[in-house]
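The two complexes that follow have chain A in common; it is paired with chain B in the first and with chain C in the second.
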Partner chain A sequence: MTCTTETLVAAVRGLAGVVAEHRTELIDLDRAIGDADHGENLNRGFTAVLSALDSSTPDSPSAMLKLVATTLISKVGGASGPLLGTAFLRAATATAGQSELDGAAVAAALKAALDGVVARGKAEVGDKTMVDVLAPAVQAATEAAGESVAAVLAAAASAAEQGAESTIPLVARKGRASYLGERSAGHLDPGARSTALLLRSLANSAGAR
Partner chain B sequence: MTVGLVIVSHSAKLAEGVAELAQQMAPEVLIAPAGGTADGELGTDYDRVCAALDRVDRGGGVVLLYDLGSAQMIAELAVEGHSGAGEAFVVEAPLVEGAVAAAVAAQSGADIDGVSRAASSAAEAPVDFVVDDKPTAYRAEMVLHNEVGLHARPAALLARAMGGLRAEVAVRHGEQQADARSVLALMGLAARDGDTIEVVASGPDAREAIARVQALVERGFEE
Partner chain C sequence: MKKIINDPSAVVAEALRGMALAHPELIRVRPDPAVVVRADAPVAGKVALVSGGGSGHEPLHGGFVGRGMLDAACPGAVFTSPTPDQISAAVEQVHGGAGVLLIVKNYTGDVLNFETGAELAAAEGVDVRTVVIDDDVAVKDSLYTAGRRGVAGTMLLEKIVGAAAERGTDLDGCEELARRVVANLRSLGLALTACTVPHAGEPSFTLAEDEFELGVGIHGEPGRQRLPMEPADQLVARLLGPVLEDLPFAEGDRVLLLTNGMGGTPLVELYLAHGIAEKLLADKGIVVERRLVGSYVTSLEMQGMSLTLLKLDEELTELWDEPVNTAALRWGI
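Moving on to the complex of A and B:
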């Protein structure tokens, strides 16, 4: 089973739903070690993505990913906007020219997204950021790249959830939480949590077909 | 074609203030503030930065300076998405000093590499520039007789006067020595009204360089 423009549009609508559903949870996580706006910012961004989809119809998976990227960059703000925007932008570039994505293409797009986030935010694994989620997700996706899109995303989502949990004991070394130093330990990183939620949502959309 | 500048800040007031200060020292350079969000809050706004970038891009390139954290990421994204006439660079520099140094370099006709270098070197120690002190270098002593000495605006005038000259020019004051092209280094000399400065120049346009400094000093930097 491959991923077409239509299935990707449906999956992106699913992302918006998940973000709205977890808005309060993300706000609460961010209140503990940040400035309590992560859920609100992400929800504003994905609500804007839904509006953008009402007025324009992407003609390829790459165009869909680029629309998400530019909307999130403009609407989310903070560090999450440029970081998530970069992730979607690099995924759009990696999938340019393909009308359907197979498992290998999805794994390659995830790898491009991770590389973009690392280049933009200069975070490494262990810094208590979304990189702690994306890095293991990409590794799992790459190992499953020969399989279906659903299998690749399922592997990525499971690794992502473990990656998010792994941020709990960490001391933040990047972003706003790093201002707290040792006091950031013992909390789930909100950016790690939202990234894992997004990957699980993509996996659920792919698996439901 | 003059290099343009964009000042990216979380605060609209901060961006406007930095642009105002740099503009005073470089009146002909296009400097666009891009601060705050569209709804007047603190934050950096991608669309504002892109619009500012387009506004100051006249083909000579654009240098972007930023204040904190996500402002750098937004500036980098704007540059990656930019398809204007000239190149665009995000430089790592102290915002105020970097903007002033970049503006003066742009006003003096430096290209985008020169303007970027001026901004990023603004964090370095401003004095102790070493000019080739060979016997053939031209030198002249002069006494400052303007009220503020080599303060911001006069220093900017002096640095700009060196634009286009093929010469290494140093200004000495007491034990300290500054690159005549660096407005920050000149200000760091703290030369005041009544102080004696020495100008040392070498290169094909050395004599012209000294004559230009002399003319500015004699006119009291047009105060």
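Moving on to the complex of A and C:
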């Protein structure tokens, strides 16, 4: 099973639904070690993505990813806007010219997204950020790259969820939680949580077909 | 949560509408993307100063737009940095042909968004420079954090560099001056209560009646240390000590002292604290050459305060004294 423009549009609508559903949870996580805006900012961004989809119809998977990227960059603000926006932008570039994505293309797009986030935010694994989720997800996706899109995303989502859990004991070294020093330990990182939620949502959309 | 608001997601837009009506002679507000610009912008031949950041710190930054200070401010959502399109729109509207200096508080989101905004503006051929402010001594500046935060000292930099730009200092000169201010600027804050972000609906943290938070930021983010409540003499000493040690400030130095309220602390307490700070500085032989007391860089309704010291030289003192005409700071006009 491959991913077409149509299925990707549906998956993106699914992302918006998941973000709206978890808005309060993400705000609460962010309140503990940040500034209580993560759920609100992502929800504002993905709501804008839905509005953008009402007025334009992407003609390729790459165009869909790019629409998400530019909308998040211009509507979200904070660190998550440019970082998630960059992730989608790099994924758009990695998939340019392809009308359908197979498992290998999805794995490559995830790898490009990770590289973009690392280049932009300069975080490493262990810093208690979304990189702790994306890095293992990319590794799992790469290992599953010969399989279907659904299998690649399912592997990525499971690794992502473990990655998110792994941030709980960590002391933050990047982002606003780093100001807390040792007091950031014992909390799930909100950016890690939202990244894992997004990957699980993509996997669910792919698996449902 | 009890606030004078309608829809939590419309707070910034509605506040900007009111601000534009309150200060028609000083500013114009462009709604989408949201930018506050000087009424007479662009000023031909003058270096333009653009700052911005999350809303909720009023009067920072919009209250400092006007002659002798900022040319534009980009207000983000509450406690959320503005987006790149706001920043590039601000640059476009105030660029007077002499270049633009972006004044950015050191937070991950602000730095990322201003970087992208600067790229967009540079692609339009505008000479854009960026100065990042990191005056908060509460955060250890190491490889293991996002670095020190930009806090109340930001407004002192905006005033001083704004005066230089108004005098006709070129972009290189303004940039170098800004870096000099950053190098001589240190702050530390404390909170007695948390604040409630409108869309979150609950306080960002809770402090017991007998506790305070030392080293608090300006976003309702918890500080580094929670301590039992103390009398003002001790609280002020706890703020001043790390600030003095950090630069370090020494006997004979001339300084500007900003005693800043976090939004919910009355002026009577700020004056009380200011008096203690001046006394402590006098005891150490540090000369308070200029001072400012009030709530200028706030954290919504948080009760608390910060102290900022800027080491002055003759040029910085002169620039501080230059006329300024903004909603929140006005003299010499």
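The rule is short, and it goes like this: the second predicted complex is superposed on the first by the 209 of 209 C-alpha atoms of A that agree within 3 Å, B and C clash if a C-alpha of one lies under 4 Å from a C-alpha of the other, contacts with A are read in each partner's own complex, and residues count from 1 in each chain.
Rule of thumb we're sticking to: contacts are C-beta pairs under 8 Å (C-beta built on N, C-alpha and C of every residue); 3 or more make two chains touch, one makes a residue touch a chain.
Here the structure is a predicted model, which is why all the values come from computation and not from measurement.
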Superpose on chain A as described above, then tell me if chain B and chain C fit or clash.
-> clash
Answer with first, second, both or neither: which of chain B and chain C does A:91 touch in the superposed model?
-> neither
Per residue count on chain A, the busier partner among chain B and chain C is C
Report for A:82: first if it touches chain B alone, second if chain C alone, otherwise both or neither.
-> both
Kindly classify A:152 by the partners it touches after superposition: chain B alone (first), chain C alone (second), both, or neither?
-> neither
Taking the superposition as given, does A:65 touch the first partner, chain B, the second, chain C, both, or neither?
-> neither
Which of the two partners, first being chain B and second being chain C, lies in contact with A:120: first, second, both, or neither?
-> both
Please indicate which partner A:35 is in contact with in the superposed arrangement: first for chain B, second for chain C, both, or neither.
-> second
Touching A:130 in the superposition: chain B (first), chain C (second), both, neither?
-> neither
Touched partner set for A:73, first chain B, second chain C, both or neither | both
Is A:144 contacted by the first partner chain B, the second partner chain C, both or neither?
-> neither
Starting from the residues of chain A touching chain B, keep only those that also touch chain C in the other complex, and list them.
-> 73-74, 77-79, 81-83, 120-121, 175
Spell out the part of chain A that touches chain C in their complex, as residue ranges.
-> 27, 31, 34-37, 40-41, 44, 73-83, 120-121, 171, 173-176, 178-181, 183
Touch list for chain B against partner chain A, complex = 37, 43-47, 69-70, 73-74, 76-77, 80
For the complex, which residues does chain C have touching chain A?
-> 9, 33, 54, 76-85, 107-109, 112-113, 115-116, 138-140, 143-146, 149, 197, 199-200, 202, 204-205, 217, 219-222, 224
Chain A to chain B touching residues, read off their complex | 73-74, 77-79, 81-83, 85-86, 89, 120-121, 175
